[in-house]
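A quick write-up on the structure given underneath.
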Amino acid sequence: MYVELLIRPRFNETDANGHINNTVAPVWFEEGRGAFMLESLATRVSCMIANVSIDYLAEMVFGYPVTIRTGVSKIGNKSFTYRQEAWQRDRLCARASVVLAGFDRVAKITMPIPDAIREKLAQFMFEDVTG
Amino acid sequence: MYVELLIRPRFNETDANGHINNTVAPVWFEEGRGAFMLESLATRVSCMIANVSIDYLAEMVFGYPVTIRTGVSKIGNKSFTYRQEAWQRDRLCARASVVLAGFDRVAKITMPIPDAIREKLAQFMFEDVTG
Amino acid sequence: MYVELLIRPRFNETDANGHINNTVAPVWFEEGRGAFMLESLATRVSCMIANVSIDYLAEMVFGYPVTIRTGVSKIGNKSFTYRQEAWQRDRLCARASVVLAGFDRVAKITMPIPDAIREKLAQFMFEDVTG
Amino acid sequence: MYVELLIRPRFNETDANGHINNTVAPVWFEEGRGAFMLESLATRVSCMIANVSIDYLAEMVFGYPVTIRTGVSKIGNKSFTYRQEAWQRDRLCARASVVLAGFDRVAKITMPIPDAIREKLAQFMFEDVTG
């Protein structure tokens, strides 16, 4: 299961190569995770991003909406992993794997993901339909 | 007198028209004001931006440095005005007028510009050399 | 009359002051003009931006949608002026005046706004309801 | 060996959490690769980005310069991999691995990395000094 967010590419997100610049996908994926948090957890979890890995599969362009799909691919004790996809015109254009670690913002140390959060996350395992 | 800041345009600041997108100039001018604050006042003043007006005179491109010049054009009781210019390849490409109002961030109300700040600002009146 | 575009503020558009950074409004207004072009003219006109002036009236924050209203305030022979507004939580937060000049992208010179465009623009005069 | 580029963080790159937003690192790393291309190859190679993976190790803040180090970690027939690091105040804050594939922009197909480029790239193998 995944949460979808519709993105309208902005003209300033294109670059001189004529398509959406590669640095834009991380912004859209961040928005996708925000939408996921609201829908799945009805809260923001105190986490820090440990790793973002994005496969660029096809160029994205201005003028067509992009759908960001966000689900969970792995849940550990102190971290969990999002799987995200960016689709434009029925084509998978970018795929992200994002690792978040539980984080105590006051003490500035990592901490376990609360059980209540882990249970909710488990309801949003991304089922890979693209192979 | 003005303070100069050298900007190296970034590739993601271009757009599909092949040049620097118009929304980038406000970012560079913000950086110019930050450099001005450090050099002229050795501090950040508690202000809020009231108005930003930018004349776009010539396109800017990737691959050449841009010089941002920042000085003061007007000093009032509760506000002052920056004059800023963006130069690339010896050409004035954009010119900004930015009005800042003194602002109490705690009370969230406007307040006078402190006299000590006004005196320092007065040393950086931008002398218009372009006509 | 004006065209409305709904913007969902992005987390990376906030800054360390806790609200939306002032350099973001120009991006949203650019998107508003793009939506206007599509709805009002069903085309993109060959123009260049001559001036963007933005009044910042109230801070905007993450977590609430922003409505961009775009209409026309003035139509001349070689240029026309947009009036734009950004509303959040029933409050007018920013107001823009944007001057565009007709522009021949091949010859790189200004040119008159075509009559057909001027007539369409005239149907979208922004009626100021805020006083 | 690596090429260094000094970045001056911009205020609009901070977010409401008070530090540099995670989506900024990809922009800085893109600039680092641009500087690398100029210094190491004296040209831009026709490539497309296949994957960007960034480890976020420590927060970066406004007000201190960031050094981007860019070198090569792997050279294949049709692709090569950059290793990049972002340092602030003597601390490794982010580390990137970026895979580029040779790309024919006209035919829009992947192609081998030219031998002349591969030889030059081989002179810039990033020697990992951080362990």
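Per-chain numbering from 1; labels A, B, C and D assigned in written order.
As a working rule, a contact is a pair of C-beta atoms (placed from the backbone, for glycine too) under 8 Å apart; a residue touches a chain by one contact, two chains touch by 3 or more.
Owing to the predicted nature of the structure, the values given are computational and were not obtained by experimental measurement.
Counting C-beta pairs in contact across A-B and across A-C shows that the higher total falls to A-B. With respect to chain A, maximal separation of chain centres occurs for B (centres as means of Cα atoms). Centroids of chain A and chain C (each the mean of its C-alpha atoms) stand 30 Å apart.
Remark: chain B and chain C have CA centroids separated by 22 Å (rounded to whole angstrom). Separating the centre of chain A from that of chain B, both taken as means of CA atoms, is a distance of 35 Å. Chain contacts: chain C has residues 11-12, 23, 27, 30 touching two or more partner chains. Residues 8, 10-12, 27, 30-31, 34 of chain C are the ones that touch chain A when the two sit in their complex.
Partner chain D is touched in their complex by these residues of chain C: 11-12, 14-16, 18-19, 21, 23-24, 62. Listing the residues of chain B that touch chain C in their complex gives 22-23, 26-27, 30, 48-56.
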